[in-house]
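One chain, subunit A, links the two complexes that follow: it is found with subunit B in the first and with subunit C in the second.
Up next is the complex of A and B:
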């Protein structure tokens, strides 16, 4: 067995397993890898390993048939999945064109600010956001002074004081958004037994995310014929089961935006959805910015290391192995 | 003649023999990169996990909040968390490709390395399962409840065993603390097992795509495979970063953003994607004990491969029919993964049952096909 690796030539006596293997392979694929040292091995290898153009018709047909069967099976599975999905009782949310949908698009911070106003004026009456503090608003939707003002606008339970008494004080930046109810039982009692969920993670905690929130808030309608909704519940086709304990909360001009944007129901729904998206993923903008940096940096690293790898392997990859049958 | 220090120093020569001078077949393909990628996955998981453990609190009243605290208040805590969660997915992607390569090219003939590898697979699965419980979301709690309850199917000792695992009469605080303990310690045991895996591998050396003796043409690990592995590391790390930074919750379940509530059962309880194939097999068997046996068998069945290998050649390179069977097996696993995520209703139930039968049948058909192909070639 003789080997030529670049400028190095060496030989190894003894076994000829590769030659035997090649002979077996040749029988199958009708190539002549081990035929003679004088023939261009590389030509044969390129013929063997190359492309559709070089492939036998039967092999092409088998591959095409497998492709068709595979594609058909995948299509069937998808159609099956969709048909079963369509038999559900609730409506599946539509995907809306959010401005933050782009791969590197940030959240609309003016919308976050308006969404916060919707939350404060409408949602906060029933829903807590226990993981969001007023300090989180700073630099996102409010200046520090504005966020302090927002915090001071709420009364926070604190204590005990020096006499062991609990007391109320104006909020500070470090305070979390106040819970509208003292506990879950009080919340249930005030809402016909339904517990209004905490909204800190609501877009992450629902299939469809902000699309679902928007659909739900704007999806209230009369129940279709044959559907009756129990007293104290409201029909909403986007809610699982269709009957939701929360009444429609957003109507046109139910509040006023500080920036003068017309407060239509859909505008408020959109803004509060963006606000809730930010609340669930406050790192949203940072991570996309970091992604851009990471992609640029690692693309360069990949290019350099791949080049070095190719460089190191070049000699090995371009060597010729010649089989000389024993004399 | 003076030998280089790396070859004579008792410590350095271990590194030298594994990462510098070790001879490897020149023709091993990119599929051989996944071993080192798994090492990188383990390092990423241990590194991110250590930092997460500094801020995590293993108590049912605090676990969910502590994860929220990590994501919101800890510097780059959200990145640590998403890297750790998605790192688990990448770990399994690499594991499955690594095993798939082993099946395709007959690497299981390195018997001890293969068996230790299967043990590592089970340990990684256990670690991932334990880790998924820690955020104490709805799917964490109910996943833990469903999976630990499977042990109750064991005759006679089942119920006692489950309560022993729980440390009480339900999944509760004692369960969470011990799950955290084991989730913390298992990766280090996995690291030790990996060394044993590599030790056994180096007894006979790496396999190669042709399945013929690897002794014929070898090249040193450095520089060839050091640089090849570095390229692999960068590709995988980039993909992990892209997933963690652009769509970090793509592979997660929305229910896990709801704090665990033992009084509210989610409509669809399902594990993470990498367990769905086994979960689909579990649900395909109407009998509980039968389902549990099938679940374990779905993974453990790869231990029989060294015993059912009767063919003349090691790899499937020279067995076209078995190549087709291999890709059928891959397709069946993908379809089982899809079925595992579907609700338990028709037509998914019957589809899952057919796929389960097909999955196990392939492990019988394959050796028979290998034998018949060998006969044809004679």
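Up next is the complex of A and C:
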């Protein structure tokens, strides 16, 4: 079927009575409306709307060269970065099979709770976690009542009172974890000059994250022959330089878990690593839940959008428009 | 089928007021269903790891749960 309006002939494929001309027109653009030159206009039009296929060879070569140079530079930068790391002296942590490794896998909250116990009983003697408040534990590792009890168990500096004096009071849910030292200088003085870093964001602040924490805590060993460690430092192959100011903190049975889990050194190291991972990324579980929702929602929307696009374009893509010169 | 579609059109989509109502109500119902579905999948993937799965093991929480039930 075809119909004519002015100088233009519209027709469906297969039934085109001026198929030859139509074919030429269709290769480039679908419309020559408003133009009224001879047949040559058809070829010009196709050049105007060209894609890579019609691009000049020189231009293509330039683009290709740019791509190769860019890719090469990125590869070189990556390789250099890798080789610098490989030249360090410390041992690199391996990747451990965490239960939160999967794309949609949440943290293990029973483990977070045990990890909090490890932090409270062992690490809190030296390390602060000043960005974590007791209220953050609610609904993560403790019920509200339990978190209140935890907070009550610590003494918080407050004040000044009516006489201008600072005083101590039991903690509240809104209080942040207390610092074991009044300031960094006191912390250094108590640890042979080494400052125990705040642990709030430690898994994000070290290469390897929770893997590194686990390796560091369980990695203490005798220094290899020929390596001497200065007084007050301890040999740990995972620490940069090998000599760390923190003594081994975790030994089997150094504490007891309230849920009865055997408190081996590696169990405690694993649990405290998960706890620190949660502390650094409290949004971890929500993030993965949202990822699941977003992927499902957007794949659905994409399918619908793609269908509608095909639907709407079907007419445009299958029509043929030809210029039929006036007789 | 055609009858159903035209009935829907006549009664809902034809008038802006009912159309908007259908859109808002549909969005509400869809979101509810979608959330139930995705939360279900997520909870299933992470069975035994989330706080709500382990909560009952600990002192206070188990007492509260027993009271509720």
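Heads up, the rule we're going with is that the second predicted complex is superposed on the first by the 228 of 327 C-alpha atoms of A that agree within 3 Å, B and C clash if a C-alpha of one lies under 4 Å from a C-alpha of the other, contacts with A are read in each partner's own complex, and residues count from 1 in each chain.
The working rule: a residue touches a chain if its C-beta (ideal position, glycine included) is under 8 Å from a C-beta of that chain, and two chains touch if they have at least 3 such contacts.
Keep in mind it's a predicted model, so treat the numbers as computed, not measured.
Shared-chain residue A:131: touches subunit B; no touch with subunit C.
Once the two structures are superposed, subunit B and subunit C can be ranked by residues of subunit A touched, with B on top. In the superposed model, A:56 lies in contact with neither subunit B nor subunit C.
In the superposed pair of complexes, A:94 makes contact with neither subunit B nor subunit C.
Judged by the document's definition of touching, subunit A residues 288 lie at the interface with subunit B and also at the interface with subunit C.
On the subunit B side of its complex with subunit A, the touching residues are 26, 65, 68, 71-72, 78-79, 82, 210, 212-213, 216-217, 219, 223-224, 227-228, 230-231, 234-235, 237-238, 241-242, 244-246, 248-249, 254-255, 257-258, 267, 318, 320, 324, 331, 335, 338, 342, 345, 347-348, 351, 377.
Those residues of subunit A whose C-beta lies close enough to touch subunit B in the complex are 1, 3, 12, 15, 17-18, 21, 24-25, 28, 66, 70, 73, 77, 80-81, 84, 103, 131, 136, 197, 200-201, 204-207, 209, 240, 280, 282-283, 287-288, 290-291, 294-295, 298-299, 301-302, 305-306, 308-309, 312-313, 316, 321.
Touching subunit C in their complex are the following residues of subunit A: 99-100, 102, 104-110, 113, 139-143, 145-146, 259, 285, 288-289, 292-293, 296-297. Every residue of subunit C that touches subunit A in the complex is listed here, in rising order: 34-35, 37-39, 41-42, 45-46, 49-51, 53-55, 57-61, 64.
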